[in-house]
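Order of writing sets the labels: A, B, C and D. Residues in every chain begin at 1.
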Amino acid sequence: MSLSFLIIAFVTLFAAAAAMSLRNLVHCSLAFVVAFAGLAALYLNLDAQFVGFAQILVYVGAIAILIVFAILLTRSGDTPNEAVLAPGWFYGIAVSAVVFTLLGWAVLSSSALPKEVSSAPQTTVKNIGEALMNKYVLPLEIIGLLLTAAMIGAVIIALKEPSKTDHSGRKT
Amino acid sequence: MTPLQICLLVSALLFAIGFAGAVTRRHAILALVGIELMLNAANLNFIVFWRFGAHPEALTGVMFVIFSIAIAAAEAAVGLALVIAIYRHYKTSNLDEVKDLKG
Amino acid sequence: MIWIVKNLWLIPALPLVAAGIISVNKQPKRKLAASLAIGSMVLGFLLSLCAFAATLGHGGGEHGAFREVFSFPWLQFGGQWMSIGWVLDPLTAVMLMMVTFVGMLIFIFSVGYMAHDVNFMRFFCFLALFASGMLGVVIANNLLLLFISWEIVGLTSYLLIGFWYHKPSAAAAAKKAFITTRIGDLGLLIGMVWLYAETGTLNFYEGGKGCLESGALAQMLTHATIGGMAVSTAIGLLIFLGAVGKSGQLPLHVWLPDAMEGPTPVSALIHAATMVAAGVFLVARVYPLMAAGALMGEHGVPVTTSLTIVTWIGALTAIFAASIAVAQNDIKRILAYSTVSQLGYMMMGLGVGGVAVGMFHLITHAFFKALLFLGSASVIHGCHEEQDIRKMGGIRKYMPITFAVYAVGMLALAGFPLFFSGFWSKDEILHAAHGWSVSQVPFYLGCAGALFTAFYMTRQVALVFFGSYRGHPEESSHGHFAHSHSSSHSHDPHESPAVMTVPLVILAGFAILLGVIGTPAWPWFETYLNGHHVEFDLGKLTASGTLTLMVSSSLIVFTGLGLGVWLYGKRQRKTAGEQDVLEAFQPAIFKVLQNKYYIDELYEVTVIRFNAFAAWLCDFADKWIFGGAVLVVSYLTLGFAWLYRLTDEYFVNLGFDAGCDSIRGGGGFLSKLHAGRVQTYLRIIGVALVMLILFLIWGRKA
Amino acid sequence: MFEKLDQIFVTLKHLVLGYVPEALQPLVSALLSVTLILAVFPGIFAIVTIFERKGIGRIQNRYGPNRVGIPFTNIRLCGFGQFIPDGIKSLTKEDIVPRAADKVVHFLAPIVMLIPVLLAYAVLPFGRNMTVADFDAGLLFFFAVGGAVEISVFMAGWSSRNKYSLLGAMRAIAQMVSYEIPLILSAVTVVMIVGSLKLVDIVAAQNHYSFGIAHWYVFTPWGLVGCILFFIASLAESNRSPFDLPEAESEIIAGYFTEYSGFKFALFFLGEYLGMFAIIGLGITLFLGGWTSPVSFLTWIPSYVWFVTKMIAIVFVFIWIRATLPRLRMDQLMNLAWKLMLPLALINIVVAGIWHFMGSDWQRWLVCAAIIFGAYIVLGRGLMQHQKLGKRTYRYAE
C-alpha cells in the first residue's frame, strides 16, 4: 500500500468531514469538490483510470456546479446564524458511529477477504468500451433512458409554476 | 492489515461521515451531499473489490461504478431540482421544517 | 348464361342503394332524393326490358318456357351451404316490367303529390326501399331470399302506412297491417322450414334439384301427414297462408282498407299495384308445388286440394269485398275493397285456370288500379284533402284530364267489353271458372262480383264527377294544415300539375291497350308464360263457349253500369248530408255492408278478446304463481341475511373490533414515528442497517 | 538531419535522464516536460497579448502599442517589448482584497484556476513523441480537468462579495456548462472514427496522405461540422468575444475578477489565455491533424513547429473574431448552444456512424454532406423562426 494512497485517502476523508461539518454551505460544497477529486485520485491510484476521469468529469464538472447553483438559488450562500444541526443530531452521530464501528469490525474480523494482492489488471479504455457495447449494452441503454427521464423530470420539477396572471393575458 | 482492508476501512469511514452528515445537517442540500458521499463510498468498495478481487480482468466492478456514477448524476439532478422546488414552495430548505404532506 | 341473368341482382340493388344514399343525406334535399329514386327505377326498368327481351328471344320450343337461374352459396349452417340466387323466366320478367314501370310512374306522380310534405326525403327513401324489396321478391329463385324481401316489403308497407304517424288512425292502421300480415307470414315461415326439412333445399329451380322440380315434388307426394294429406299439399297451404296475409284474402283482409290511411301514392303503389299482388305472385311462383300430383280435369287444368282451397277463398273474397265496396263513402276505401275483390279474382284465376290466367289479371289490374288510385289522389289533392265522395261532385268540370283518365280506369275495372284490358282478363278468369270441373259456384260468385264491381264503380264516378260540387268552402278550410300554400287558392277544386297528370295519362293508355295481349283470339300472354308458340285465329273468339260467356259477362257488366246510372246518375244528391239511395231502400243491409259485415267487430269480440284474456292469464300467472315463488325465495334470503347479520354482529365483529383497536393503537404509535422528518427515517434506516450487519455476521458465525 | 531537428527535444530529455538514477527517472522526466511547458506557453501568452493589442488596433484603424522595445536599449521591436513592462506592472501592483471578501477562497481561486489548465497540457501531443503523459483516456482527462475551471470561476465570483463578480461567475459557469456539451459531443465523433481516446493515436490516424493532401478530419463532412462546432464552443469555453458576457465591461465591470488586482489578476489573465491555448491545441489535435503537416512535401518541417504555427494561426482567428463580432445576448447565447449546436452535434455523431459503416465508397460523401446540410437548414430555420430573428426593421422618428 503506497504512501500516496494513504495521503490521498487522508485528504479525502478530511475533506469529506469538512464538507459535512462546515457552517457555510459554499465552503461545504468546495470541500465536497476536494473530497471527490480525492476519490478520483484514489481510483487512479487503484489503476481505474477511466473511472477516475469519469468521476472528475461528473462530480467536479457537473454535480458540484449543480450543487453550487442550488445553493445560490435557495439563497443559502451566507453563513447561517441559526443552528445548522437538525434537532436530535446527537442520535444521528451515534448511529453513524455505531455503523462505522460495526463495518470496521466486520472488515477487520472477516475471513472471507482474499489475502494476497493480485497484480494491477491491464484494462484499456478499449476493453471498457467493448464491454459496454457487448456485454453491458442493455444496462447502457437503460442508463441512457434513465438519464433522459431524470433530465426531463428535473426540468419539470424545477420549472417555475406559471403565475395565474399570465393565463389571463391574451394568447399569441 | 492488507491493502484491501485499508481501502475498505477508508470507504467505511467515508460512508459513516456521509451518513452522519445526511442525518445531522438541517439543510436539504447537505443531506443530498451526504448521500452522494455514501454512494461514493460504495463505489470505492466496488473499485477496491475489483482491483484486489479474484478476477480483475472481468470488468464487473468498473462497469458497476460507471453505471452508478451515471445514476448518481441523475439522482443529484433530480434531488437538487426537488430542493429548489421545495424552497420555492416553503420558502425554506431546512429539512426539519418540511414535514407536513399538504402544503 | 346471358349477362342479364348474372346481373339480375342489379335491379333490386339500385333502389336499395338509392334508399341508402337518401337515408344518409341531410333533410332538405328534395331534388336529390326524388332524382335518385326515380333514376334508380328508370334504370331498373331498362334492365328489366333487357331481361324481358332475353326471355322473348328464347321463348317457344317444346321444352317449355325460358328459364335461367343463378345461385351462389350464401351461408353455412350445419354441414351444408345455404345457397340463394335468382331466376329469370317469363313470370319474373313480366313482374319486373310491371313493378318497375308502375313504380316509376308512381314515383314521378308522388313528386307532385308530396311536394309540400316536410318529410319528403323520408318518403322517397321508404319508397325506394320498398321497390328494392318488391323486386327482390320478384327475382328470387329461393324461398329464403323471397322471404327476406317479403319481410322488407312488409316493413316498408308498415312505415309508409304510418307515414303521417301524427295521425293516430294512421299509426293504428300501420300496426294493424303489420300484425295481420305477420299472421300470414308465420304460415309462410313454417311452410318454408318444413319445405327445407323435406327437400333439403329452398331453391326453386336448380337443374332438377330444386324444390319445385319433379324429383322433390314426387318425393314430397309420397309422404303423408295428418288426415292423409300429402306433405306437398300441406306446405302449399302454409305458403298460401302467407299469400292470404299479403294480398288481403278473406280472413286476413281487414288491414287492407285501413291501409288507406297512408299517402295515396303509397296506396296506389303498395296496396293496389304491387305489394298485394306479391301474394298472388307467390302462389304463381310455387304453383308447381300446389299443382303437384294433380288429377287432370278437362282443359288440362290441374285440380288439387290446395288449388281448390285457393279457388274457394278467392271467390269468396271477390264477392264479399265487392259487396262491401257498394256501401262505402270514402273514395279510397271503395277502391281498397275493389282491390281486395280483384285479388280474390286473381286467386280464383290461379286456382281454376293456372298461372297465366291469374297473372294476366294481376298485370292488367296493376295498371288500371294504379291509375284509379292516382286519379283519386289527384281528386283528393284537388279537393284539398277531401276524401268523402258525398262532399264531392261535379269535379268533371274542374279537372277534365283527371275525369277522363279516371273514367278509363273505371271502365277497365268494371270490365267494359272489348276495349278495356279488365274485360279480357276478368273474362278469362270467368271462362276458366266456368270450365272448372269441381264446382260451378265460384263461377256464379265471380259473376255476382262482376255485377257489384260495375255497380259500385258507377256509383263512385257518378257521385264524384257528376252533379254539382258539394264541398263547403268554410268547412273544407279546416283541412289545410298540410297545405300552407293553398290558403292562397280559391276553395274550388283545381286540376293537378302536369307531373301528376302525365303519369295518369300513360297509365290510362296501358289500361286500354294491355287487353290485346290476352284475348282468346290471340292468347300471347299465356303462351308466353308457358313457352308455347302463339297462333292467331278469330275462330277461338267465336267458339261457342267463349262467345256465349263473353256476351253474358258483358251483359252483367252493362246491368251493373245501368243500375248505377239509374240509381245515382239520374238524380244527383244535393247536399253531403242526405242519406244514400240504397240506404233509403234497404237500411238494414246497407248498414251491414257499410260496417263491412262487422268483421272488425267480430275480431274485436273473438280474437282481440281472447288475446286480452291470454294476456290477463299470463299477468295473473306472473303475479301469483311465479311471483309467489320469487317472493318465497326472497323471504328465505331475508331470513338467511338476518341470520348472517346476527352472527356477524355478535360473533365475528367482537374479534374484529378487538383487532381494529389493536391496529389503531399500532397505527398511532407508528404515526408518531412517521412525523415527516426525513432524517428521523434515515436514522431508523441506519439502525436497521446495524441490525442487518449484526444478523449477517452472527448468522455466519452460527 | 531534419529528423534530428524534429526529435531534438526528445533526445535532449533522454540525454539528461541518462545522468539521473533509475528511481527518480519518471519524476525528473515529468519535471523536465513541465518546465518546458511552463517556459514556452507563458512566453507565447506574452507575445499573443501584444499581437492581440496590435491586431485589434489595426482592425480598429489605430496604432497598437508601438513604442516599447527591449528595455535599457534603443531597440524598439515596433512595440513588441510591451509585454515586459506590462508584466512587471501587474506583478508589482498592490494586491487589494475587499474587507467583506471570503479571504481563503478569494486567495485560492486563481490557483485553482491555473492548476487544471496546466494539467490539461499534460496530454496534448506537441510533436512527434512529445507528450508529457500519454494517458489511455487522454481526451477524457482533458475534459475532466477542463471542468475544474468552472469551480475556480465560481470561487472567484462568490468569494469577492460583489454582485458584479457573482453575476459574472454565474454567467461564466452557465456558459461553460452549456458549451461543454457541444464541445465534447463534437469531439466524440473523432473518437468514434479513430476508436481511441489517446490523443497520440488520434494524431497518428490523421498522419497519412493521399494526392499529397493530409487526411485531416476537417476535410470530411462530419469533421468539418465537428471542427466548426468545436471552434465555436471553444470560443465560448474560453470566454472570448462574441461570448465574453462573463467579463462584459459595459455590463458587469470585469466579471468574476472585478475584485482582483495585481498578481492574482495576472494569474487569472494567464489562466484564461493558457486555457484558450490548451483548448485550441486540442482542437488542432482532433481535427487539424495535430503536429502533422497539411501537405506531404512539407513533412520535413519539425512537428512542434507545425503545432505552434497552427495554434498561433487559430489564435489570430480568435483575435480577428473578437475585433469584428458584436457580443451576444444571454438568451441568444443559450439558444445557440441548446437549440442549434447540441442537436447539430448529435446529428453529427450519427453522421459519423454512417460514415464509418458506409465503407470507403464515394457515396458516403454525398450522403453525409446531404444529411448535415439538411439538418443545418432545418435547425437554423427553426431557430430563426422561434427567435423572430431575420431582417431587422428600423423605425424612424417622423
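By our rule, a contact is a pair of C-beta atoms (placed from the backbone, for glycine too) under 8 Å apart; a residue touches a chain by one contact, two chains touch by 3 or more.
Quantities reported herein were computed from a predicted structural model and do not represent experimental measurements.
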Selected pair, greater C-beta contact count between A-D and A-C: A-D
Chain B and chain C: spacing of chain centres that average the CA atoms, whole Å: 88
Inter-chain centre distance, chain A versus chain D - centres from mean C-alpha coordinates, in Å: 29
Mean-CA-position distance for chain B and chain A (Å): 5
Contacts with two or more other chains, residues of chain C listed in rising order: 677, 679, 682-683, 686
Per-residue overlap in chain D, given as positions that touch at least 2 other chains: none
Set of chain A residues in contact with two or more other chains: 50, 54, 62, 69, 86, 91-92, 95-96, 99, 103
Contact pairs between chains, per stated definition: A-B, A-C, A-D, B-C
Complex contact set, residues of chain A against chain B: 1, 5-6, 9, 12-13, 16-17, 19-21, 25, 28-29, 32, 35-36, 39, 42-43, 46-48, 50-51, 54-55, 58-59, 62-63, 66-67, 69-71, 73-76, 83-87, 89, 91-93, 95-97, 99-100, 103-104, 107-108, 113-115, 117-118, 120-123, 127-128, 131-132, 136, 139, 143, 146-147, 149-151, 153-155, 157-158, 160-161
Complex contacts: residues of chain C adjacent to chain B: 675-679, 682-683, 686
Touch list for chain B against partner chain A, complex: 1-10, 12-21, 23-27, 29-30, 32-34, 36-37, 40, 43-44, 47-48, 50-54, 56-57, 59, 62-63, 65-67, 69-78, 80-85, 87-88, 93, 95-96
Touching residues on chain B, where the partner in the complex is chain C: 19, 22-24, 31, 95-96, 98-101
Contact set on chain C toward chain A in their complex: 677, 679-680, 682-683, 686-687, 689-690, 693-694, 697
